[in-house]
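Once you scroll down, you'll see the structures, which are given as structure tokens.
Each of the next two complexes has subunit A plus one more chain, namely subunit B in the first and subunit C in the second.
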Partner chain A sequence: MLSVLPKHEVHYLDEIDNYNFTEKQSAKLGKIMGYGSQRIAEDGTTVSDLCVFGMNYLFKKDLLDKESIGAVVLCTQSPDYFLPATSNVISGRLALGQDVISMDINQGCAGFEVGLMQAFMLLNTGSIDKVVLLNADVLSKKVSLKDRNSRPLVGDGATITIIENSTDDEEIDMFIKMDGSSALSLQIPAGGFKLPSTPQTGVLTEDESGNFRSLDHLIMKGDEVFNFVQTKVPEMIQEMFDTLKIDKSYFDYYLFHQPNKFMLEKLAQKMKIPYEKMPNNISQKYGNGSSITVPLNVCENIGEKALNNSYKVCFGGFGVGLTWSIIKWKLEKLDFCEIINY
Partner chain B sequence: MEEFIESFYDILDETEKNEINKNTDFKNLDEWDSMVTLMLIAMVDENYAKQISGTDLKESLTLENLFMRIQSK
Partner chain C sequence: MKEKVITILTEIRPEFDFNTETDGFVSKGMLDSFDIISIVSDIEESFNIAIDGAQILPENFDSIQALVDLINKSNS
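Showing the complex of A and B:
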């Protein structure tokens, strides 16, 4: 696993003046939600830029053999283009062979798990031995600077996870659910074919709590999303424990998506999982980069230890879709597990 | 009810205790914002194992109204 983060760092406290709230209110918010710094891509930096940079790093360091790649799966919600698929653009820029399958998946905070599911299906075809799963987003470009709900938590970046068949017969168990009836709880209203971007969709308007955003910006119904996470994720964890006949002590780590510190803390409390087993430092340090937070969590919190040890981990993601997912996985020794700057 | 009002007061930072009672029009408190909303939702989830929605908040004028809605869930 490799994480690629843009160098540029933004600090929550530096941006307090952008918000339509008193400094005191915003400072309190920052403390409770755990807002610290975020990695934000420079204007013009795209998802393919971050992915190509990371892949070239792996080639150069002899951590990945270009010829061995059978498929490239990219999970993003901020693609370079509507079409072609950004994974095709990446394959082209890396000069991958014509036998390499590329595909994009449109998923956000559960995108690591959904991407893994796709990777497993490709490996199961029998004709592909190695899948490159790319998770990447530069969604900060779609968040209003005057939106105190979403701006302080967004982050950009990419992660690269190489998946291949293992020799042991350790089972991987995966639970995924989706609720399309709440699909618009997290959305960017304009810019697609339903509502193309126009000068009008770019006009900032104030919502009832004093945030300014336009229809081109990401909007999140915070209360709905919070309720969804607090209800559905513990339910699914319990379902996993019951189905697999294990309990919470089974796992060495719970590596979950990290929307913000507050939400994950509440989730840990509710599931009675000790904080030391559920790292909660990614959103404060790097921001919430959608589907990259889980692999980034591995790079940040297990890091080099993953090269010589194996761990029983529970991956968890939840967000846009709405989608929620958990995976029980024995993380075998990794060939690499680090973070680099773009 | 007493307990609920106490827990609600604990979420707040800048509001005087005597401003908080069952008749408090909580959404009109100076301090009321999206974060207090989130913390209130979390508190109700923790203490009462109930989920309150945006609609519940919209349709409750006072803390008593809100408490009644939680009770009826």
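Showing the complex of A and C:
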């Protein structure tokens, strides 16, 4: 696994003057939510830039043989273009062979798990031995600087996960659910074919809480999303325990998507999972980078140890869609696991 | 308990008099979702309890009585 993060860092406290709230209110909220630093891509930096940079790093370090790649799966919500698929652009920029299948998946905070599902299916075809799963977003470009609901949370970056079949016969179990009836709880209203961007969709308006954003920006119904996570994720974990006849002590780590400190603390509390088994430092340190947070969590929190040890991990993601997913995985020793700056 | 709740609410939203305005906090737009998070944090600290994340619903923060009920439920 490799994480690629933009060098550019912003700090919540430096931006609180942008928000329509008192400094005291914003500072208090920042403490509760764990707002700290975020990695934000410079203007003009795209998802393909971050992915190509990371892939070239792997080639240069002899960590990945270009000829061994059978498929490239990119999970992003901020593609370079409407069309073609950004994975095709990446394949082209890397001069990958014509036998390499590439495809994009539009998923957010559960995108690591959904991407893994796709990677496993490709490996199961028998004709592909190695899948490159790219998770990448530069979603900060679609978040209003004056939106205290979303701006302090967002982060940009990419992760690269190389997946291949192993000789270990340990099963990987995956649970994924989606609720399209709540699809618009997290959305960017304008910019697609339903509502093309116009000068009017770019006009900032104030919501009832004092945030300013336009229809071109990300809109999150925070209370709905929060309640969905607190209700659905513990239910799914319990379903996994019941189905697989295991309990919470089975796992060495719960490596979950990290939207903010408060939400993850509440999840850990509800499921009675010790904080040391569920790291909660990614959103504070790097921001919430959608589908990159789980693999970044691995690199940041167990990266070095995972080079020499095998761990039973529970991956969990939840967000746009709405989508929620968990994976039970005995993670074998990793060949590489690091974080680099772009 | 009610007095403590009023003190917490007043600290977060000093522009309202929670002695006279005792309900409709969320439905009338006096509190937003981020105020609710601050209230959860303050209540947990003041009453030494943990509020279940699934109970963080607008209706449980809409009145003084709803908040008192939430605290009692979280305490049991």
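What we mean here is this: the second predicted complex is superposed on the first by the 342 of 342 C-alpha atoms of A that agree within 3 Å, B and C clash if a C-alpha of one lies under 4 Å from a C-alpha of the other, contacts with A are read in each partner's own complex, and residues count from 1 in each chain.
Criterion: a contact is a pair of C-beta atoms (placed from the backbone, for glycine too) under 8 Å apart; a residue touches a chain by one contact, two chains touch by 3 or more.
Quick caveat, the model's predicted, so the values are computed rather than measured.
Superposition of the two structures on subunit A shows subunit C clashing with subunit B. Touch criterion met: A:L267 reaches subunit C, while subunit B stays clear of it.
When the shared chain is aligned, subunit B and subunit C each come close enough to touch A:Q230. In the superposition on chain A, A:R148 contacts both subunit B and subunit C.
Shared-chain residue A:Q187: touches no atom of subunit B or subunit C. The residues of subunit A shared by its contacts with subunit B and with subunit C are 25, 28-29, 32-33, 148-149, 209, 222-223, 226-227, 230-231, 262, 266, 269-270.
The residues of subunit B lying in touch with subunit A in their complex are 13-14, 31, 33-35, 37-39, 41-42, 45-46, 51-54, 57.
Here subunit A touches subunit B in the complex through residues 21, 24-25, 28-29, 32-33, 148-149, 209-210, 221-224, 226-227, 230-231, 262, 266, 269-270, going by the rule given at the top. Against subunit C, in their complex, subunit A makes its touches with residues 25, 28-29, 32-33, 148-149, 208-209, 222-223, 226-227, 229-231, 234, 262-263, 266-267, 269-270. Looking at the complex, you find that subunit C touches subunit A at residues 12, 29, 32-34, 36-38, 41, 50, 52-54, 56-58.
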